[in-house]
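Both complexes shown next keep chain A, but they swap its partner, so chain B is in the first and chain C is in the second.
Presenting the complex of A and B:
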């Protein structure tokens, strides 16, 4: 009887392992393009001792560099950003993050206040697929699903990706068990330049008021931070578009005032930061490039260390060791990207570094 | 819900009344044995029979009435409108668009079969209305059959069930096999079938033949896959349902095909329509008159012809309230009757050439039956009599096989990989069917070591999971037969 139970248990485990492997094989790896697909997952392999956690969409993972923050101010940070991250996804990612660590400061980029509904399954997938199973993930799935999506396909992504069996490439097998690191504590590096040539004016909107749903999640983020004794900063990155309306800005100013929060619209400080729209963006002003991100980070770091009393931890030997490795990886990628730009005139592999360095 | 409740309650009550009349009659005979004269006995018996008949007719009328109103009202309106338009194109009746309850054709036939059996005193009525309700509404078979008989289901459904590992394993394997047929083969072929049928002007000639081939396989794997799931789930619950398929594509004639396809519907029509019509008074009277007027040979054919045509017309419109289904049914009748008439010719041919038992001739018969049925099924495929005949015309007038291999096959929504999966899975299906000829495959598998069983089940499960045509990119349809 005992033997039978052991055999059944072993068979069950083997089945689970095979299914997990097959599922992993069929899921997209995002190793040669759409690196945004790796951002949420990379947090889990990172040490959970961050002074600052950034949450939000591309305006955080493209515009803020945690390595610069460490190098200049000794502040440890991680960006829990993802493409088109919706405010409820930010909330649930923060909720999940707080189960691992309690940062001093949380920074939320407010651009997602404009989106009251999920728009595309592809973006949901980039944020939710690789999130670890937890109460927060379930909440995020329920809040994010479009009408024709099914909950179970988020719990068992094989049900969504099974038809990729005829699209599998060497990449899928190569990265079946472990993947290369693509971000620098959630920052996606881009060294190329595409100057701002034209700034489209914002179209007139019928209603500028942010939706109740967004306010509800912003309230929840605020409460979550207050309950955990975390300082919350609302930021708007200095991207020239999507257009950030004065009416939107005003609502954020009022919200911050009502809730005793700091709100910084970096669009108002472009000159002070030193951002040059001819050299500091890689896509005509939508996102900052590496040079722009470093400038913004230095400026923001000053505020964080002075106004929020974040301690300079560069003297901590343990941290120093960890962060030196990160700096090496950062500099290597920076160099590779420069080399690519010189050789091809554009980023061919986005500076993908050798696997051993990226792990 | 209301309709199935109405059927359950009306059938339960009326079968109870009929049974009580039968009991009363039996008591009367018992109590008056030897004291009553033959004439009075006959009179009493006729009176009792007439009462039973009236009750049965009422119940049949109620239930087939519900079915007819829900399923055929709009069809009738469209025919009336067609006639009205001939005289006045401006006028027409508006359609009712009544919602048709899930599985109404199946549970109505099942409950009416039960009623007729009670009337025929085949078995006694079920006293417990909940048990009877379960027989009518047993969910797995409600969607697309099989159409069960009460005496078959009663024992297996209401007896005490103990945990049976073997039944659970066998049932689970059957469920997996059903999903494999449905998701890997049927729903994948559905993509190409929809493309072909969706543009009848573009996909003519060889594509029509391809559509017939694909639809034949799709329909079989969809319907029999669904039945496998139903039977498998039931087996896991300890309930044994009747088989509905017996490898129909191996049939050597259309009559044989219909004995092996949707078996429970075929036997229902045979038992509750074909025989009663054949021996009904008006038909026998007509047969007698025909014999007197046109000779014995013609007269004896009359009951068979009438019954065959009536049941095939009914089978046609049972499948769908449209003329294409009616024509499809009638053509089946024509071919079956023609084939029946040609039997002496076949016998002479077989006696002369002795090919009957050769493999190649049997293969020819199987292929002939498959394609004949595929041609008939085109009425169902294109859902229009005119379009179907037009497509038939294009097969003979616009036939170019090379079109398929010059990229045509890849324009149907299926990739090379999809075709590989189809060929491989159909090969598995045919192999399993061939193995079934010498006994159940699952039973044989049960005798193999546990590791082999686990591996087989797991490979089947994984195939469904990976190669199944479901989720985004596929508009996985519901089971085809659930709409009938």
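Presenting the complex of A and C:
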């Protein structure tokens, strides 16, 4: 009888392992394109000793360089960003992060206040698929799902990706058990340049008020930080598009005032930061490139260091050892990107699109 | 052993069955793959905009429309976060057209009026009264947060109204996530 139980248990475990492997095989790996798919997952293997956690969409993971923050101010940080991260996802990612560590400061990019409802399953998947199973993940799934999505496909992604079997490539097998790091503590590096050529005016909107749903989650983020004695900073990155309306900005100014928070709209400080729209963006002003991100980070780092009393920890030998490795990886990628730009004229291995002839 | 084999077959069966991913979750679709024939169907039943004899249908391919309209005053493109594909904006003197991309082909996503020098085919322009809108488009609409929106086929026609006067007009294609 005992032998039968052990055998059955062993069979059950083998099945689970096989299922897990098949699931992992079928899930997209994001190793040769759409590197954003790795951002959420890369946090888990990182050291949980961050002074600052950034949360938000591409306006954080493209525009802030944690390596620069460390090198210049000795401040440790991680960006828990993802593509088109919606505010409820930011809340749950923050909630999850706080089960691992308690930073001194959380910085939230407020662009997602403009999005009151889930958009596309594809973006949900980029944020949620690689979140570890937790109460926070369940909350994030429930808040994010579109009408035609099914909860169980987020718990068991094999149910969603099973039809990828005939799209599998060598990448899926190569990265079945482990993947290469693509970000720098959540920062996706782009060294290429595409200057701002035209800045469109915002289209007239019927209503400029942010939704109740978004304010609800902003309140929850605020409370979560207050309850954990964490200083919350609201930021708006200096992206020229999507258009940041004056009416939206005013709402954030008022919210920050009412809740005793700091709100920084970096669009107001573009000149002071030294951002040059001819050289500091890789996509015509939507996101900063590496040069622009380093400028913004140095500017922001000064604020974090002086106004938020964040200690310069560069003298800590353990941290120094950890961050020196990160710096090496950062510089290696910087070098590699320069080489690709010289050879191909664009970042072939980094998700850039080959420029059209003559453009 | 027998159980393991049976269950392995079951796993392979589950993994293999089901339809191919629909385009909106095809995360790593090759935008250079021109053999993918998926395209957008344009409903003939929908609001159209006309300018200088050029009919602009939502969800129609944009290239012939832009060719017919001529060189825009300004052009802007916005890469979609994480995905290859560009949303493009063409600015003419009194309106703008924006497009979305599927498999390397651009389609009309919307037309936004910028001034009162142009009107809809039904004769409504920026500055028209709300009563004119009612007369032109009838009673089947949705009022929300200062806008009146009519839906026809695969299009929406949105009028932003302040003090019963139209202050903005937008044609919007109905696509996933829009």
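The working rule: the second predicted complex is superposed on the first by the 350 of 359 C-alpha atoms of A that agree within 3 Å, B and C clash if a C-alpha of one lies under 4 Å from a C-alpha of the other, contacts with A are read in each partner's own complex, and residues count from 1 in each chain.
Here is the rule we go by: a residue touches a chain if its C-beta (ideal position, glycine included) is under 8 Å from a C-beta of that chain, and two chains touch if they have at least 3 such contacts.
What you see is a predicted model, and the numbers here were worked out from it, not measured in a lab.
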Exercise for review: Determine, under the contact definition given at the top, whether A:215 touches first (chain B), second (chain C), both, or neither.
Suggested key: neither
Exercise for review: Using the superposition on chain A described above, determine whether A:22 touches chain B (first), chain C (second), both, or neither.
Suggested key: both
Practice item. Considering only touches as defined above, state whether A:120 meets chain B (first), chain C (second), both or neither. Key: second
Check your understanding: Touch check for A:11: first (chain B), second (chain C), both, or neither?
Key -> both
Practice item. Examine A:241 and indicate which partner it touches, taking first as chain B and second as chain C; both and neither are also allowed. Key: second
**Study point:** Residue contacts on chain A - larger count, chain B or chain C
**Key:** C
Exercise for review: Considering only the touch criterion stated at the top, classify A:153 as touching first (chain B), second (chain C), both, or neither.
Suggested key: first
Study note, to complete from the structure: So the chain A residues that chain B and chain C both touch are 11, 15, 18-19, 22, 26, 121, 158, 160, 162-163, 165-166
Review point. Can you list the residues on chain C that touch chain A in the complex?
Key: 3-4, 7-8, 11, 14-21, 24-28, 31, 74-79, 81-84, 89, 91, 96, 112, 144-147, 158, 160, 167-168, 170, 176-177
Exercise for review: Please give the residue numbers of chain B that touch chain A in the complex, ascending.
Suggested key: 415, 417-418, 450, 454, 458, 462, 465-474
Practice item. Give every residue of chain A touching chain C within the complex, in rising order. Key: 11, 14-15, 18-19, 22, 26, 28, 30, 33-34, 36-37, 57-58, 83-84, 119-123, 125-126, 158, 160-167, 197-200, 203-207, 209, 241-242, 283-284, 286, 351, 353
Practice item. Quick one: which bits of chain A touch chain B in the complex? Just the residue numbers, please. Key: 7, 11, 15, 18-19, 22, 26, 121, 150, 153, 158-160, 162-163, 165-166
